[in-house]
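Here come two complexes built around chain A, the first alongside chain B, the second alongside chain C.
Coming up: the complex of A and B.
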(Lines of atoms letter the chains of each structure in order from A and count residues from 1; the text may use other names and numbers.)
(Lines give C-alpha, C1' and ligand atoms only; values in the text may rest on other atoms or scores of the structure.)
Protein backbone atom coordinates (compact mmCIF):
# COMPACT_ATOMS: atom_id res chain seq x y z
CA UNK A 1 0.00 0.00 0.00
CA UNK A 2 2.25 2.75 -1.26
CA UNK A 3 0.79 5.85 0.36
CA UNK A 4 2.35 9.22 -0.20
CA UNK A 5 1.73 12.49 1.57
CA UNK A 6 2.65 15.93 0.33
CA UNK A 7 2.27 19.21 2.12
CA UNK A 8 2.58 22.68 0.70
CA UNK A 9 2.38 25.80 2.82
CA UNK A 10 2.19 29.08 0.99
CA UNK A 11 1.54 32.69 1.85
CA UNK A 12 1.68 35.68 -0.44
CA UNK A 13 1.83 38.24 2.35
CA UNK A 14 3.39 36.70 5.45
CA UNK A 15 6.87 38.03 4.84
CA UNK A 16 7.12 41.16 2.68
CA UNK A 17 9.35 40.63 -0.31
CA UNK A 18 9.61 36.88 0.19
CA UNK A 19 6.54 34.82 -0.55
CA UNK A 20 6.39 31.71 1.62
CA UNK A 21 6.48 28.43 -0.29
CA UNK A 22 7.16 25.23 1.66
CA UNK A 23 6.82 21.81 0.04
CA UNK A 24 7.55 18.45 1.66
CA UNK A 25 6.85 14.89 0.58
CA UNK A 26 7.00 11.58 2.38
CA UNK A 27 6.07 7.97 1.73
CA UNK A 28 4.34 6.30 4.64
CA UNK A 29 6.42 3.30 5.65
CA UNK A 30 6.68 0.84 8.50
CA UNK A 31 8.88 1.77 11.44
CA UNK A 32 12.56 1.72 10.65
CA UNK A 33 12.22 0.13 7.25
CA UNK A 34 11.23 1.08 3.73
CA UNK A 35 8.31 -1.36 3.44
CA UNK A 36 4.96 0.27 2.83
CA UNK A 37 2.25 0.41 5.43
CA UNK A 38 -0.52 -2.08 4.77
CA UNK A 39 -3.52 -1.14 6.90
CA UNK A 40 -5.77 1.86 7.30
CA UNK A 41 -8.88 2.93 9.17
CA UNK A 42 -10.92 5.86 7.94
CA UNK A 43 -14.27 7.36 8.75
CA UNK A 44 -16.43 10.45 8.78
CA UNK A 45 -18.14 10.88 12.12
CA UNK A 46 -20.50 13.30 13.80
CA UNK A 47 -19.73 14.06 17.41
CA UNK A 48 -21.74 16.23 19.74
CA UNK A 49 -20.06 18.80 21.92
CA UNK A 50 -18.15 17.42 24.86
CA UNK A 51 -17.84 13.87 23.53
CA UNK A 52 -14.35 12.46 24.03
CA UNK A 53 -13.49 10.18 21.12
CA UNK A 54 -10.37 8.07 20.84
CA UNK A 55 -8.82 7.62 17.42
CA UNK A 56 -7.35 4.17 16.94
CA UNK A 57 -6.98 1.33 19.41
CA UNK A 58 -5.21 1.48 22.74
CA UNK A 59 -1.82 -0.20 22.92
CA UNK A 60 -3.16 -2.86 25.26
CA UNK A 61 -5.98 -3.63 22.85
CA UNK A 62 -3.46 -4.85 20.33
CA UNK A 63 -1.84 -8.25 20.49
CA UNK A 64 1.77 -8.61 21.57
CA UNK A 65 4.06 -5.84 20.40
CA UNK A 66 1.74 -4.90 17.57
CA UNK A 67 1.26 -1.46 19.08
CA UNK A 68 4.88 -0.44 18.75
CA UNK A 69 4.51 0.58 15.13
CA UNK A 70 4.57 3.60 12.91
CA UNK A 71 1.20 5.19 12.35
CA UNK A 72 0.12 8.36 10.62
CA UNK A 73 -2.98 10.29 11.46
CA UNK A 74 -4.95 12.72 9.35
CA UNK A 75 -7.83 14.61 10.99
CA UNK A 76 -10.04 17.18 9.30
CA UNK A 77 -12.79 19.21 10.95
CA UNK A 78 -15.31 19.42 8.13
CA UNK A 79 -17.69 21.59 10.08
CA UNK A 80 -18.67 24.78 8.32
CA UNK A 81 -20.02 26.56 11.36
CA UNK A 82 -18.54 29.63 13.01
CA UNK A 83 -15.53 29.88 15.29
CA UNK A 84 -17.48 28.62 18.29
CA UNK A 85 -17.33 25.15 16.72
CA UNK A 86 -13.99 23.46 17.06
CA UNK A 87 -12.37 20.15 17.90
CA UNK A 88 -9.77 19.84 20.63
CA UNK A 89 -7.09 17.26 19.97
CA UNK A 90 -4.64 15.88 22.43
CA UNK A 91 -2.60 12.98 23.61
CA UNK A 92 -3.88 11.16 26.69
CA UNK A 93 -5.20 13.89 29.01
CA UNK A 94 -3.26 16.79 27.51
CA UNK A 95 -4.95 19.04 25.00
CA UNK A 96 -2.46 20.15 22.35
CA UNK A 97 -4.44 22.13 19.81
CA UNK A 98 -7.76 23.07 18.26
CA UNK A 99 -9.07 22.33 14.81
CA UNK A 100 -11.53 25.02 13.81
CA UNK A 101 -13.94 24.66 10.91
CA UNK A 102 -12.02 23.50 7.86
CA UNK A 103 -8.74 22.97 9.70
CA UNK A 104 -6.78 19.74 9.32
CA UNK A 105 -3.70 18.13 10.79
CA UNK A 106 -1.31 15.38 9.77
CA UNK A 107 1.16 13.79 12.17
CA UNK A 108 3.15 10.61 12.62
CA UNK A 109 2.10 8.78 15.76
CA UNK A 110 3.31 5.81 17.75
CA UNK A 111 0.85 4.08 20.04
CA UNK A 112 3.68 3.12 22.34
CA UNK A 113 1.50 2.64 25.41
CA UNK A 114 -1.96 3.39 26.72
CA UNK A 115 -0.82 6.85 27.75
CA UNK A 116 -0.13 7.82 24.15
CA UNK A 117 -3.63 7.57 22.76
CA UNK A 118 -4.95 10.39 20.63
CA UNK A 119 -8.28 11.86 21.59
CA UNK A 120 -10.52 14.45 20.04
CA UNK A 121 -13.36 16.35 21.70
CA UNK A 122 -15.71 18.65 19.79
CA UNK A 123 -16.93 21.88 21.31
CA UNK A 124 -19.70 24.32 20.48
CA UNK A 125 -22.09 21.81 18.95
CA UNK A 126 -22.09 18.82 16.62
CA UNK A 127 -18.89 18.71 14.58
CA UNK A 128 -18.27 16.56 11.52
CA UNK A 129 -14.84 14.99 11.59
CA UNK A 130 -13.04 13.07 8.88
CA UNK A 131 -10.05 11.01 9.88
CA UNK A 132 -7.74 8.42 8.44
CA UNK A 133 -5.27 6.34 10.40
CA UNK A 134 -2.56 4.60 8.40
CA UNK A 135 -0.61 1.84 10.11
CA UNK A 136 0.54 -1.75 9.85
CA UNK A 137 0.65 -4.99 11.76
CA UNK A 138 -2.20 -4.07 14.08
CA UNK A 139 -3.51 -7.38 15.38
CA UNK A 140 -6.57 -7.06 17.55
CA UNK A 141 -7.38 -9.81 20.05
CA UNK A 142 -9.83 -12.53 19.09
CA UNK A 143 -13.38 -11.49 19.85
CA UNK A 144 -15.08 -13.23 22.73
CA UNK A 145 -17.77 -15.66 21.55
CA UNK B 1 -2.73 40.11 9.10
CA UNK B 2 -1.41 37.53 6.67
CA UNK B 3 -2.96 34.47 5.10
CA UNK B 4 -1.39 31.04 5.40
CA UNK B 5 -2.55 28.40 2.93
CA UNK B 6 -1.60 24.82 3.86
CA UNK B 7 -2.48 22.00 1.48
CA UNK B 8 -2.22 18.29 2.20
CA UNK B 9 -2.40 15.68 -0.55
CA UNK B 10 -2.73 12.00 0.29
CA UNK B 11 -2.63 9.37 -2.41
CA UNK B 12 -2.52 5.60 -2.54
CA UNK B 13 -3.28 3.54 -5.61
CA UNK B 14 -3.21 0.07 -4.11
CA UNK B 15 -4.54 0.25 -0.55
CA UNK B 16 -8.15 -0.72 -1.07
CA UNK B 17 -10.39 -0.86 -4.09
CA UNK B 18 -11.49 2.64 -3.12
CA UNK B 19 -8.41 4.54 -4.16
CA UNK B 20 -7.13 7.33 -1.96
CA UNK B 21 -6.41 10.52 -3.80
CA UNK B 22 -7.50 13.76 -2.25
CA UNK B 23 -6.27 17.16 -1.22
CA UNK B 24 -7.44 19.41 1.58
CA UNK B 25 -6.76 23.12 1.61
CA UNK B 26 -7.17 25.55 4.46
CA UNK B 27 -6.88 29.31 4.79
CA UNK B 28 -5.51 30.46 8.13
CA UNK B 29 -5.10 33.94 9.54
CA UNK B 30 -1.72 34.72 11.00
CA UNK B 31 -1.78 37.87 13.09
CA UNK B 32 0.99 37.49 15.63
CA UNK B 33 4.56 36.19 15.72
CA UNK B 34 6.07 33.69 13.33
CA UNK B 35 9.15 31.54 13.23
CA UNK B 36 9.97 31.62 9.53
CA UNK B 37 11.11 28.31 8.07
CA UNK B 38 14.21 27.48 10.07
CA UNK B 39 16.67 24.62 10.26
CA UNK B 40 18.40 23.50 13.43
CA UNK B 41 20.90 20.76 14.27
CA UNK B 42 19.64 18.57 17.10
CA UNK B 43 21.41 16.38 19.60
CA UNK B 44 20.03 13.87 22.07
CA UNK B 45 19.52 16.73 24.52
CA UNK B 46 16.25 18.66 24.69
CA UNK B 47 15.95 21.78 22.56
CA UNK B 48 12.87 23.95 22.99
CA UNK B 49 11.80 25.10 19.55
CA UNK B 50 8.34 26.30 20.60
CA UNK B 51 8.24 28.32 23.83
CA UNK B 52 5.02 28.90 25.74
CA UNK B 53 5.17 32.58 24.93
CA UNK B 54 3.26 31.63 21.80
CA UNK B 55 -0.51 31.55 21.77
CA UNK B 56 -2.66 29.58 19.37
CA UNK B 57 -0.40 28.63 16.50
CA UNK B 58 0.15 26.28 13.60
CA UNK B 59 3.30 24.20 13.59
CA UNK B 60 5.22 22.65 10.70
CA UNK B 61 7.99 20.13 11.39
CA UNK B 62 10.16 18.13 9.01
CA UNK B 63 12.98 15.73 9.70
CA UNK B 64 15.50 16.40 6.94
CA UNK B 65 17.80 13.52 7.88
CA UNK B 66 18.04 10.38 5.73
CA UNK B 67 18.27 7.89 8.58
CA UNK B 68 17.98 9.32 12.09
CA UNK B 69 14.64 9.80 13.85
CA UNK B 70 13.67 12.95 15.76
CA UNK B 71 11.52 12.90 18.88
CA UNK B 72 9.04 15.64 19.64
CA UNK B 73 7.58 16.32 23.07
CA UNK B 74 4.77 18.78 23.69
CA UNK B 75 4.02 17.76 27.23
CA UNK B 76 7.27 17.69 29.15
CA UNK B 77 8.70 14.22 29.46
CA UNK B 78 6.10 12.57 27.25
CA UNK B 79 7.02 11.67 23.71
CA UNK B 80 4.33 13.06 21.49
CA UNK B 81 5.52 11.97 18.10
CA UNK B 82 8.55 10.60 16.37
CA UNK B 83 9.50 11.93 12.97
CA UNK B 84 11.29 9.21 11.06
CA UNK B 85 13.71 10.17 8.30
CA UNK B 86 12.05 12.52 5.85
CA UNK B 87 8.74 12.72 7.68
CA UNK B 88 6.77 15.88 8.36
CA UNK B 89 3.90 17.04 10.54
CA UNK B 90 1.49 19.95 10.53
CA UNK B 91 -0.87 20.60 13.43
CA UNK B 92 -2.55 23.28 15.51
CA UNK B 93 -0.97 24.02 18.87
CA UNK B 94 -2.35 25.99 21.81
CA UNK B 95 1.04 27.12 23.09
CA UNK B 96 0.10 25.95 26.58
CA UNK B 97 3.03 23.52 26.69
CA UNK B 98 6.37 24.10 25.01
CA UNK B 99 7.53 22.04 22.03
CA UNK B 100 10.79 20.23 22.62
CA UNK B 101 12.83 18.34 20.02
CA UNK B 102 15.75 15.95 20.39
CA UNK B 103 17.36 13.32 18.23
CA UNK B 104 17.10 9.59 18.73
CA UNK B 105 20.85 9.55 18.09
CA UNK B 106 23.44 11.65 16.32
CA UNK B 107 22.81 15.13 15.00
CA UNK B 108 19.96 15.25 12.49
CA UNK B 109 18.56 18.54 11.25
CA UNK B 110 15.00 19.62 11.95
CA UNK B 111 13.22 22.06 9.70
CA UNK B 112 10.40 23.90 11.46
CA UNK B 113 8.11 26.88 11.33
CA UNK B 114 5.55 28.33 13.72
CA UNK B 115 2.72 30.64 12.70
CA UNK B 116 0.81 32.33 15.54
CA UNK B 117 -2.84 33.00 14.80
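Coming up: the complex of A and C.
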Protein backbone atom coordinates (compact mmCIF):
# COMPACT_ATOMS: atom_id res chain seq x y z
CA UNK A 1 0.00 0.00 0.00
CA UNK A 2 1.54 3.31 -1.00
CA UNK A 3 0.60 6.87 -1.71
CA UNK A 4 2.97 8.96 -3.80
CA UNK A 5 3.00 12.63 -4.78
CA UNK A 6 4.98 14.13 -7.61
CA UNK A 7 5.41 17.76 -8.58
CA UNK A 8 6.95 19.38 -11.62
CA UNK A 9 7.42 23.14 -11.91
CA UNK A 10 8.76 24.49 -15.17
CA UNK A 11 9.39 27.87 -16.68
CA UNK A 12 11.44 28.67 -19.76
CA UNK A 13 11.54 32.40 -19.10
CA UNK A 14 11.11 33.24 -15.40
CA UNK A 15 14.88 33.43 -14.96
CA UNK A 16 16.39 34.35 -18.33
CA UNK A 17 19.35 32.17 -19.17
CA UNK A 18 18.41 29.52 -16.65
CA UNK A 19 15.30 27.53 -17.48
CA UNK A 20 13.50 26.34 -14.38
CA UNK A 21 12.74 22.64 -14.06
CA UNK A 22 11.91 21.39 -10.57
CA UNK A 23 10.80 17.80 -10.09
CA UNK A 24 10.21 16.10 -6.78
CA UNK A 25 8.65 12.83 -5.69
CA UNK A 26 7.70 11.63 -2.26
CA UNK A 27 6.01 8.63 -0.73
CA UNK A 28 3.60 9.74 1.98
CA UNK A 29 3.95 7.82 5.23
CA UNK A 30 2.77 7.87 8.82
CA UNK A 31 4.47 10.30 11.19
CA UNK A 32 8.13 9.53 11.71
CA UNK A 33 8.09 6.07 10.19
CA UNK A 34 8.09 4.42 6.77
CA UNK A 35 4.68 2.73 7.15
CA UNK A 36 2.20 3.79 4.49
CA UNK A 37 -0.82 5.96 5.12
CA UNK A 38 -4.03 3.95 5.14
CA UNK A 39 -7.00 6.33 5.24
CA UNK A 40 -8.35 8.98 2.88
CA UNK A 41 -11.36 11.17 2.23
CA UNK A 42 -12.15 13.12 -0.91
CA UNK A 43 -14.96 15.14 -2.41
CA UNK A 44 -15.96 17.74 -4.95
CA UNK A 45 -18.07 20.49 -3.41
CA UNK A 46 -19.77 23.64 -4.65
CA UNK A 47 -19.46 26.52 -2.17
CA UNK A 48 -21.15 29.90 -2.16
CA UNK A 49 -19.23 33.13 -1.68
CA UNK A 50 -18.59 34.65 1.71
CA UNK A 51 -19.10 31.65 3.97
CA UNK A 52 -16.38 29.75 5.84
CA UNK A 53 -16.19 26.00 5.39
CA UNK A 54 -14.04 23.37 7.08
CA UNK A 55 -12.18 20.90 4.86
CA UNK A 56 -11.61 17.49 6.37
CA UNK A 57 -12.13 16.42 9.96
CA UNK A 58 -12.02 18.44 13.14
CA UNK A 59 -8.54 18.74 14.58
CA UNK A 60 -9.84 16.90 17.62
CA UNK A 61 -10.67 13.91 15.45
CA UNK A 62 -7.09 13.53 14.33
CA UNK A 63 -5.42 10.75 16.29
CA UNK A 64 -8.07 11.05 18.96
CA UNK A 65 -6.97 14.54 19.94
CA UNK A 66 -3.29 13.57 20.04
CA UNK A 67 -2.37 16.12 17.36
CA UNK A 68 0.98 16.53 15.70
CA UNK A 69 0.39 13.68 13.28
CA UNK A 70 1.05 13.32 9.55
CA UNK A 71 -1.59 14.00 6.98
CA UNK A 72 -1.56 15.58 3.54
CA UNK A 73 -4.14 17.73 1.84
CA UNK A 74 -4.67 18.40 -1.86
CA UNK A 75 -7.10 21.18 -2.84
CA UNK A 76 -7.96 22.25 -6.38
CA UNK A 77 -10.17 25.19 -7.25
CA UNK A 78 -12.01 23.77 -10.27
CA UNK A 79 -13.93 26.97 -10.94
CA UNK A 80 -13.99 27.94 -14.61
CA UNK A 81 -16.80 30.50 -14.69
CA UNK A 82 -14.62 33.46 -13.71
CA UNK A 83 -10.83 33.46 -13.33
CA UNK A 84 -11.00 36.16 -10.67
CA UNK A 85 -12.87 33.91 -8.24
CA UNK A 86 -10.80 32.51 -5.39
CA UNK A 87 -11.03 30.85 -2.02
CA UNK A 88 -9.16 32.14 0.98
CA UNK A 89 -7.56 29.20 2.78
CA UNK A 90 -6.19 29.10 6.27
CA UNK A 91 -5.74 27.35 9.56
CA UNK A 92 -7.08 28.28 12.96
CA UNK A 93 -9.13 31.24 11.66
CA UNK A 94 -5.97 32.69 10.09
CA UNK A 95 -6.14 33.08 6.34
CA UNK A 96 -2.86 32.20 4.62
CA UNK A 97 -3.48 32.57 0.90
CA UNK A 98 -5.85 32.78 -2.02
CA UNK A 99 -6.47 29.77 -4.21
CA UNK A 100 -7.59 31.29 -7.50
CA UNK A 101 -9.75 29.59 -10.10
CA UNK A 102 -7.73 26.80 -11.67
CA UNK A 103 -5.04 26.75 -8.97
CA UNK A 104 -4.17 23.75 -6.78
CA UNK A 105 -2.23 23.32 -3.56
CA UNK A 106 -0.68 20.45 -1.63
CA UNK A 107 0.40 20.71 1.99
CA UNK A 108 1.20 18.59 5.01
CA UNK A 109 -1.22 19.21 7.88
CA UNK A 110 -0.52 18.17 11.44
CA UNK A 111 -3.64 19.46 13.25
CA UNK A 112 -1.31 21.16 15.69
CA UNK A 113 -3.93 21.99 18.30
CA UNK A 114 -7.66 21.70 19.00
CA UNK A 115 -8.56 24.62 16.77
CA UNK A 116 -6.22 23.97 13.87
CA UNK A 117 -8.76 23.00 11.24
CA UNK A 118 -8.26 23.74 7.55
CA UNK A 119 -10.73 26.43 6.55
CA UNK A 120 -11.70 27.95 3.23
CA UNK A 121 -13.89 30.89 2.34
CA UNK A 122 -14.96 31.36 -1.29
CA UNK A 123 -14.90 34.86 -2.75
CA UNK A 124 -16.33 36.37 -5.91
CA UNK A 125 -19.04 33.81 -6.48
CA UNK A 126 -19.73 30.10 -6.26
CA UNK A 127 -16.46 28.15 -6.32
CA UNK A 128 -16.13 24.44 -7.09
CA UNK A 129 -13.55 22.79 -4.88
CA UNK A 130 -12.00 19.34 -5.18
CA UNK A 131 -10.07 18.06 -2.20
CA UNK A 132 -8.44 14.90 -0.97
CA UNK A 133 -7.00 14.27 2.49
CA UNK A 134 -4.61 11.37 3.05
CA UNK A 135 -3.96 10.30 6.64
CA UNK A 136 -3.90 7.43 9.06
CA UNK A 137 -5.20 8.90 12.26
CA UNK A 138 -8.77 10.13 11.96
CA UNK A 139 -10.86 8.77 14.81
CA UNK A 140 -14.54 9.45 14.28
CA UNK A 141 -16.67 10.68 17.19
CA UNK A 142 -18.38 7.96 19.19
CA UNK A 143 -22.07 7.73 18.36
CA UNK A 144 -24.49 8.69 21.12
CA UNK A 145 -26.24 5.67 22.65
CA UNK B 1 5.50 38.14 -18.39
CA UNK B 2 6.75 34.65 -17.76
CA UNK B 3 5.10 31.28 -18.11
CA UNK B 4 5.27 29.11 -15.00
CA UNK B 5 3.51 25.76 -15.03
CA UNK B 6 3.06 23.46 -12.05
CA UNK B 7 1.71 19.95 -12.32
CA UNK B 8 1.15 17.26 -9.75
CA UNK B 9 0.23 13.61 -9.83
CA UNK B 10 -0.89 11.90 -6.65
CA UNK B 11 -1.40 8.15 -6.77
CA UNK B 12 -2.68 5.87 -4.05
CA UNK B 13 -3.84 2.33 -3.51
CA UNK B 14 -5.40 3.05 -0.13
CA UNK B 15 -8.87 2.44 -1.51
CA UNK B 16 -10.11 -0.69 -3.27
CA UNK B 17 -10.03 1.30 -6.49
CA UNK B 18 -6.92 3.12 -7.75
CA UNK B 19 -6.75 6.81 -6.94
CA UNK B 20 -4.93 9.08 -9.37
CA UNK B 21 -5.20 12.82 -9.00
CA UNK B 22 -3.76 15.14 -11.61
CA UNK B 23 -3.50 18.87 -11.15
CA UNK B 24 -2.18 21.45 -13.56
CA UNK B 25 -1.95 25.20 -13.25
CA UNK B 26 -0.28 28.19 -14.79
CA UNK B 27 0.69 30.73 -12.16
CA UNK B 28 -0.95 34.05 -12.95
CA UNK B 29 -1.42 37.45 -11.35
CA UNK B 30 -4.35 38.22 -9.09
CA UNK B 31 -5.15 41.49 -10.85
CA UNK B 32 -5.11 39.91 -14.29
CA UNK B 33 -5.51 36.12 -14.50
CA UNK B 34 -4.40 36.11 -18.12
CA UNK B 35 -0.96 37.49 -17.21
CA UNK B 36 1.67 35.15 -15.79
CA UNK B 37 3.74 35.79 -12.68
CA UNK B 38 7.11 37.28 -13.56
CA UNK B 39 9.01 37.60 -10.28
CA UNK B 40 10.69 35.19 -7.88
CA UNK B 41 12.85 35.35 -4.80
CA UNK B 42 14.96 32.62 -6.39
CA UNK B 43 15.43 28.95 -5.60
CA UNK B 44 17.29 28.65 -2.32
CA UNK B 45 18.93 25.69 -0.60
CA UNK B 46 19.60 26.04 3.15
CA UNK B 47 21.31 23.74 5.64
CA UNK B 48 19.86 23.45 9.16
CA UNK B 49 21.96 22.09 12.02
CA UNK B 50 19.89 23.29 14.99
CA UNK B 51 16.22 23.36 15.97
CA UNK B 52 16.12 27.15 16.12
CA UNK B 53 13.19 28.53 14.14
CA UNK B 54 14.04 30.66 11.13
CA UNK B 55 12.17 32.92 8.75
CA UNK B 56 12.39 31.70 5.16
CA UNK B 57 9.82 34.06 3.61
CA UNK B 58 9.66 37.66 4.81
CA UNK B 59 6.24 39.14 4.36
CA UNK B 60 7.49 42.73 4.10
CA UNK B 61 9.29 41.89 0.86
CA UNK B 62 6.05 40.86 -0.84
CA UNK B 63 2.85 42.64 -1.82
CA UNK B 64 -0.13 41.84 0.38
CA UNK B 65 -3.13 39.78 -0.70
CA UNK B 66 -1.96 38.77 -4.14
CA UNK B 67 -1.32 35.43 -5.81
CA UNK B 68 2.10 34.38 -4.48
CA UNK B 69 2.95 30.68 -4.48
CA UNK B 70 5.44 29.10 -2.08
CA UNK B 71 7.28 25.86 -2.86
CA UNK B 72 9.16 24.11 -0.04
CA UNK B 73 10.90 20.72 -0.04
CA UNK B 74 12.70 18.85 2.69
CA UNK B 75 15.66 17.66 0.63
CA UNK B 76 16.85 15.26 3.33
CA UNK B 77 16.07 11.57 3.17
CA UNK B 78 15.11 10.57 6.72
CA UNK B 79 11.42 9.98 7.39
CA UNK B 80 12.19 10.26 11.11
CA UNK B 81 13.07 13.95 10.85
CA UNK B 82 11.02 16.89 9.64
CA UNK B 83 10.61 20.63 9.48
CA UNK B 84 7.72 22.39 11.14
CA UNK B 85 6.34 24.90 8.66
CA UNK B 86 4.32 27.81 10.05
CA UNK B 87 2.59 30.99 8.99
CA UNK B 88 3.86 32.99 11.88
CA UNK B 89 6.10 35.89 12.75
CA UNK B 90 7.45 33.95 15.71
CA UNK B 91 8.54 30.40 16.21
CA UNK B 92 7.52 27.37 14.23
CA UNK B 93 6.72 24.49 16.51
CA UNK B 94 4.13 21.89 17.34
CA UNK B 95 1.88 24.10 19.41
CA UNK B 96 2.09 27.25 17.33
CA UNK B 97 -1.44 28.15 16.37
CA UNK B 98 -0.64 28.73 12.74
CA UNK B 99 1.61 25.74 12.25
CA UNK B 100 0.66 24.30 8.88
CA UNK B 101 2.30 20.92 9.09
CA UNK B 102 5.38 18.75 9.34
CA UNK B 103 7.48 18.32 6.23
CA UNK B 104 9.27 14.98 6.51
CA UNK B 105 12.37 13.96 4.57
CA UNK B 106 11.57 13.97 0.86
CA UNK B 107 8.23 15.73 1.27
CA UNK B 108 7.29 18.85 -0.66
CA UNK B 109 4.51 21.41 -0.49
CA UNK B 110 3.14 24.12 -2.77
CA UNK B 111 0.61 26.60 -1.48
CA UNK B 112 -0.84 30.02 -2.25
CA UNK B 113 0.40 32.72 0.10
CA UNK B 114 -1.00 36.18 0.81
CA UNK B 115 2.25 37.86 1.87
CA UNK B 116 0.83 39.17 5.13
CA UNK B 117 2.84 37.18 7.70
CA UNK B 118 6.26 35.50 7.61
CA UNK B 119 6.72 31.84 6.78
CA UNK B 120 8.93 30.18 9.38
CA UNK B 121 10.46 26.74 9.71
CA UNK B 122 12.15 24.77 12.47
CA UNK B 123 14.09 21.55 12.12
CA UNK B 124 13.06 18.70 14.42
CA UNK B 125 16.65 17.66 15.03
CA UNK B 126 19.97 19.15 16.01
CA UNK B 127 21.85 15.86 15.79
CA UNK B 128 21.32 15.41 12.07
CA UNK B 129 21.70 18.04 9.37
CA UNK B 130 18.62 18.71 7.29
CA UNK B 131 18.46 20.49 3.96
CA UNK B 132 15.59 22.68 2.84
CA UNK B 133 14.80 23.96 -0.64
CA UNK B 134 12.34 26.79 -1.13
CA UNK B 135 11.19 29.31 -3.68
CA UNK B 136 8.55 32.03 -3.85
CA UNK B 137 6.79 32.69 -7.12
CA UNK B 138 5.81 36.27 -6.46
CA UNK B 139 2.90 38.43 -7.49
CA UNK B 140 4.64 41.64 -6.50
CA UNK B 141 8.00 42.03 -4.76
CA UNK B 142 8.61 45.24 -2.84
CA UNK B 143 12.03 46.50 -1.86
CA UNK B 144 13.41 44.86 1.26
CA UNK B 145 13.01 47.10 4.28
CA UNK B 146 16.05 47.83 6.40
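Methods note: the second predicted complex is superposed on the first by the 133 of 145 C-alpha atoms of A that agree within 3 Å, B and C clash if a C-alpha of one lies under 4 Å from a C-alpha of the other, contacts with A are read in each partner's own complex, and residues count from 1 in each chain.
By our rule, a residue touches a chain if its C-beta (ideal position, glycine included) is under 8 Å from a C-beta of that chain, and two chains touch if they have at least 3 such contacts.
Small disclaimer: the values here were computed from a predicted structure and weren't measured.
Chain B and chain C, once both complexes are superposed via chain A, clash.
By the document's definition of touching, neither partner reaches A:120: not chain B, not chain C. Looking at the shared chain after the overlay, A:22 reaches both chain B and chain C. Touch criterion met: A:13 reaches chain B and chain C at once. Taking chain A as the reference, the larger set of touched residues comes from C, when chain B and chain C are compared.
By the touch criterion stated above, A:83 is placed in contact with chain C alone, chain B being left untouched. Comparing which residues of chain A touch chain B with which touch chain C, the overlap comprises 1-15, 20, 22, 24, 26, 29, 31-32, 40, 70, 74, 76, 89, 91-92, 94-100, 102-110, 112, 115-116, 132. Put simply, chain A touches chain B in their complex at residues 1-15, 20, 22, 24, 26, 29, 31-32, 40, 70, 74, 76, 89, 91-92, 94-100, 102-110, 112, 115-116, 132. On the chain B side of its complex with chain A, the touching residues are 2-16, 20, 24, 26-28, 30, 34, 36-37, 56, 60, 62, 74-75, 78-84, 86-94, 96-97, 113, 115. By the touch criterion given at the top, residues 1-15, 20, 22, 24-29, 31-34, 36-40, 42, 67-68, 70-72, 74, 76, 83-84, 86, 88-92, 94-110, 112-113, 115-116, 132, 134 of chain A touch chain C in their complex. Residue ranges of chain C in contact with chain A, taken from their complex: 2-15, 19, 21, 23-28, 30, 33-34, 37-38, 40, 42-43, 65-68, 71, 73, 79-80, 82, 85, 87, 94-104, 106-114, 117, 135, 137.
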